[in-house]
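Same chain, two partners: chain A is paired with chain B first, then with chain C.
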Partner chain A sequence: MKGFIIPVLLIILAPFIGGLVHGLERIVRARMQRRIGPPLLQPFYDFLKLAGKRKMIVHSAHAFLGIMHFVSLWFALALLLLGGDLILVIFLHLLSTSLLILAGYSTRSIFSHLGANRTAISILAYEPVLIILAVSFYLVTGSFETAAVFNYDKPLLLEMPLAFVALLLILPVKLKKSPFDVAEAHQEITGGTEIEFSGIFYEAVYTAKWLDYVFCYTLVYLFAGNNILLGAALILFTFIYVNALDNSSARVNYKQMLRFSLAVAFSLAFLNLILNIVI
Partner chain B sequence: MIPVILSLFIFPVITGLILLILPWKTTKFIVIISALSLSAISVYLFINIDQPYYFAVPQYLNKVVAGFDILLLIYFGWIALRLKNWKIGILSALQLALLFYLLRVLPSSHSMQFMVDKLAVFMYLIINIISGIIAFYATRYMEEEDCSLSRKKYFLSVMFFFIAAMNMVVSADDLEYFYLFFELTTLASFLFIGFRKDPESVRNALTALWMNQAGGLVILAAIFFIAYNGYGAATFSNLMANGSASGVLIPLALLGMGALVKGAQIPFSNWLLGAMVAPTPVSALLHSSTMVKIAPFMILRLSPVLKDTPVAMVLVALSGFVFLASAIGALAQDNFKKILAHSTIALLALMIMMAAIGTPATILASLILILFHAISKSMLFLNAGILEKVFHIKQTSDMDRLGETGPFTSLAITIGFMSLLIPPFGAFIGKWLSIETLGSFAGNKNIFAVFVIIAVACGGAVLAFLYFKVLGIMISRSGEHDRIPFENTGTVFSVSIYILLVMLFTSMLALPVMLTGIFVPVVSGLSGVPLMAAYSGFTLQVGDLAIPLLPMMAAIVLFPVTVIVAMFLRFKKVDRAKEYACGEKINYSFSSFYFSTERVTPWFSIIGVLCLIALLVAACI
Partner chain C sequence: MKLAVYRKKSPWILHYNAGGCNGCDIEILACLGPKYDIERFGMINSGNPKQSDILLVTGPVTKRSRERLVEVYAQMPEPKVVVSCGACACTGGVFRGMYNCEGGIDQYIPVDVYVCGCGSRPEQIIDGVIKALDILERKTLELEVSVRLKKVPVEENGQVNRREVAAKIIHTQHTYE
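Right, the complex of A and B next:
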């Protein structure tokens, strides 16, 4: 990512790109199920439709926290793309997730509460892994700043393969994809924290999910160093992997999710860290 | 300058005495006046003292100090006899024997008994300002306490004796003096914890007493080794001067152990967890500005000689373990004060760890944590007291609907928890700096650092989860309560919370200024080498550490705006909807996850004891 223009463009267009990824995802998933699926721009049609709905909220604080979730996530993403400090980025991402959790807790809706509880559990599942990944990046590149990673001239994938696997294992948690979509679980808790948002206010939470796509795929891209082709390949691979997994697996419960991510993903990240030091 | 410093020692004692004599009606007035003047003195000293300032007191005071020591130990021995507690008895007898021996052996001519440096004045700020607010709060809290008027006066006066003892602890250079003041804080906390006189209070007070007595014993042992190794008078500065002498690790390890006791680190954590039986201002005082802060203070004081030694390594390992373990232990708790206590122990572990590593960046992190933790924790505990007295809630599971009945209290608790968790508050900066520094250690092929990173990363995530667990029950309100006025908890309660909230937000907004104005001078004062702090563009360069300011400042704007606006913003021309509940009409009460950690917690103390043994072994090799 040379210069300043590309990151800034990416930041400004992030919701749009995320929307396209979401549209593509719906097509790919449909094709995997031998359906045709919606048009690519369907997320944007949904967006426009939602904007025209009657405005309804549970209470103001709840609606506002949803909007701030979007704003702070965008901010964290901007810092990630501009080459900021990775630990700071992770904490800012935690800030934005906290706001969503607080929003979920602020209503007296059971599903909203269950969703917020489960989102808090998923923080426990992925946060330690992310921090260890950040330390691994530091050990390889000598800096906590993502700018150093973007300019690193060797593919980081080869130097920290286990960390990449660990990231792949927690991505479904972060992206709320099966088998780890307990936080959202439409059939079970009807969307969790999202349930009480509607119309134009749901827009914020909806587009925040698009931002999360960009955020997660940027994390994946980090493993390519400055090799754009490899980065594209990694993103493509991860995209297909996440959707294939989502299509082919059943949801586990939150305990299984926590146990799996702490036992497997966390251990892999830990092992990778040790290897990075020893070698 | 000496009279000003001495006034910090004497003034609170006088206030304590006056409070005992004058009628209860005047209490509030006296407390406000003394709190304000103590804060003013500490600010004055902070501005005016730059270089370490040594001073001596008349020689006859040495005899007085020794006399007080003996009296105190005899008092503890009497308590042991009266309440038939053999642990306290043995510990007091041992201390008494060792003390008599030391008084005979040690050179009787003390040079400079007190040393006030930048670290000490930094501690003055925290001790006097925060404790002043807590004392003010206590004037209202104690009104509703079920005890006689003279007991209430006695409570407040002990509070001021405690402040005096704390001011002296942080300024003592002579270890004999330090030992006395250390024991005085032990005495004060013993009196406080046993204040309510019911069997549980007495039991917990005794636990606190014997554990802190163990701390006193190791300090005496440290004095013994300093004398035995022939470093001259037993002072901190002599210990520093002999930093590379052989055998110096033994007194260091012993002093470190004393710090671990005061800091309630596992295996000594029980005394602090038991302290919650006392009236809530006591918890606020013990947890935020006094008592436990002796631990990071002692390690910081020793950090120039402690760093890079095997002892420091063991301290780091132990505190890394405690950080994770007490966060896990907290998950099983339901009592609000107990949850706060566990999180105090965890954050203290982080402070001790940072102080023990001892590089400028980590010392900075430790200081930032000390300050922010003091503000946030005192506010949380004061709110716990309000919950108790106004809302009659002690357990978190009873907090359902607090968001509707007590919106202001629930907002304050939310802000308090968030300030221990996310950017841009100090606790986050502490965690951030610790991960980055440990990362740079790991970069030097230090496998040990990896385990500490793991502990910090996991412990941080568990703490985050813990706070959400509490918030989840507390903040919910239904749509009909969109516009609710703040509850009225009374002038004193709300004023003290407002002061702390304002302090929290201003210290957060002023963080870039405070970094160069408050923290960096303390760090340079401690390490002896001036630490450079300069702005270059949008980064603040502190030593070899670059703090990016722009994202920090943006986060600083983001968070308060979110929380405060969310509280006051009302969307007009938007319809209100009922919550979705599948068409059912049932009144739900909310609760959160329950984790049973009783199976693992016994192992924690075993690991803690093993770490203590390792500490001694590391010192002896």
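Right, the complex of A and C next:
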């Protein structure tokens, strides 16, 4: 990702790429259940349909927080792709998630509150790991800037393999995929924080989920350094891994999720950090 | 309006059981399974009234469920259509005339498509939904401005009765034909 054109193009096209990933994901899920599944462009059809629905807002701050969630997530993604400070990117992402949590708490719906609680708990599960990952990147490349990572000439995967495993373990939490999807839990709390959004305001939250895909897969790409082929392979592997896990596992409750991610993923990331310091 | 085309391509379904025997619900779930797979047409069982387009109701209205039925209907943003699934939801079916039962759902909310059968088959349900999609495409936002309830719901035996109030909604909503 040298130069300026490719990151800017990626940033502008991020919602489209994320939508395609979401469409592909739905097809893959359907095929795994021996169904045919929706067309690839289905997320965009959903998008256009939602644009024509009547807007019902609970109160204006709620709708505004939903839109700001989308905007700040896009901003975090832009910073990540343009080679900004990784710590700043992670905190911007945290900010966008907390806007959604605020939106969840601002309504009177009990499901919304439950979803906000659970989203806050999932932040607790993945955020420490991400911060430690950023520090590991710093120890290896000598800089917090992702530009340094994109230009690093050796694959970072070989220098910090345990960190990659830790990232794989927390990705389902971040993407709200099956063993760790307590925050969304469609059969249980029907989407959690997003439940009170409708019309184009739901669209903002729905599209933010697509941006999250791009964000997460870019985090995976960081492990390839400047090796584009390896990066593509990693992204493909992660896509298959996340979807296979999503379709083959049942939801665990939030305590188990927290215990697992703090005990296993966090300690793996920490071990990796210590190894990076020692070596 | 160009956007109306896409309503057909991504109808999100809200499924509500107003008090039936679960026979029709199982048939609806069968539609989602591998054999009928209505996700091919982009349909999702969304479970959230604020984001759905089609309300699939099964079972007769009971004295307990009528309020929730109207509430769920009112929470769906327009354009929306209602499909009543099974003999119970259309007329009361085998439960008609029972002490706890009020009969078909069209006494409380406007119904666009009636699907017959006691245990309506998945093919019939899909057919009904496709018919509902045609109606959904014809609906326009202008016709669907929300109406203010003219009468205050009356409370009897500790339960809110919205019978007369709902009748007014039916009157205004059916003008598109």
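Heads up, the rule we're going with is that the second predicted complex is superposed on the first by the 279 of 279 C-alpha atoms of A that agree within 3 Å, B and C clash if a C-alpha of one lies under 4 Å from a C-alpha of the other, contacts with A are read in each partner's own complex, and residues count from 1 in each chain.
Please note the rule applied: contacts are C-beta pairs under 8 Å (C-beta built on N, C-alpha and C of every residue); 3 or more make two chains touch, one makes a residue touch a chain.
Everything numeric here is computed off the predicted structure, so don't read it as measured data.
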Practice problem: Look at A:Gln42 in the shared chain and tell me whether it touches chain B only, chain C only, both, or neither; answer first, second, both or neither. | Solution: second
Quiz item: Touching A:Lys255, do we find chain B (first), chain C (second), both, or neither?
Solution: neither
Self-check item: Touching partner for A:Asp85 - first (chain B), second (chain C), both, neither
Solution: first
Self-check item: Partner chain in contact with A:Arg34 - chain B first, chain C second, else both or neither
Solution: second
Quiz item: If you count the residues of chain A that each partner touches, which comes out higher, chain B or chain C?
Solution: B
Exercise. Mind working out whether A:Ile101 is in touch with chain B, chain C, both or neither, as first, second, both or neither?
Key: first
Practice problem: Return first, second, both or neither, reflecting whether A:Ser198 touches chain B, chain C, both chains, or no partner chain. | Solution: both
Quiz item: Does the superposition put A:Phe144 against chain B (first), chain C (second), both, or neither?
Solution: first
Exercise. Identify the partner contact of A:Thr190: answer first if only chain B is touched, second if only chain C is, both if each is, neither if none is.
Key: both
Practice problem: Identify the partner contact of A:Ala116: answer first if only chain B is touched, second if only chain C is, both if each is, neither if none is. | Solution: first
Quiz item: So which positions on chain A get touched by both chain B and chain C?
Solution: 54-56, 190, 195-196, 198
Exercise. Spell out the part of chain B that touches chain A in their complex, as residue ranges.
Key: 403, 414, 418, 421-423, 428, 431-432, 435-436, 438-440, 442-443, 445-447, 450, 453-454, 457-458, 460-462, 464-465, 468-469, 471-472, 475-479, 481-482, 548, 551-552, 554-555, 558-559, 562, 565-567, 569-571, 573-581, 588, 590, 592-593
Quiz item: Which positions of chain A touch chain C when the two form their complex?
Solution: 26, 30, 33-39, 42, 45-46, 48-56, 186-187, 190-191, 195-199, 202
Quiz item: Touching chain B in the complex: which residues of chain A?
Solution: 54-61, 63-65, 68, 71-72, 75, 79, 84-85, 87-88, 91-92, 94-95, 98-99, 101-102, 105-113, 116-117, 120-121, 123-124, 127-128, 131-132, 134-135, 138-139, 142, 144, 190, 195-196, 198, 270, 273-274, 277-278
Exercise. Spell out the residues on chain C that touch chain A in their complex, using ranges where they run on.
Key: 1, 3-4, 6-7, 9-10, 12, 33-34, 37, 39-42, 46-48, 50-51, 53, 75, 77-79, 141, 144
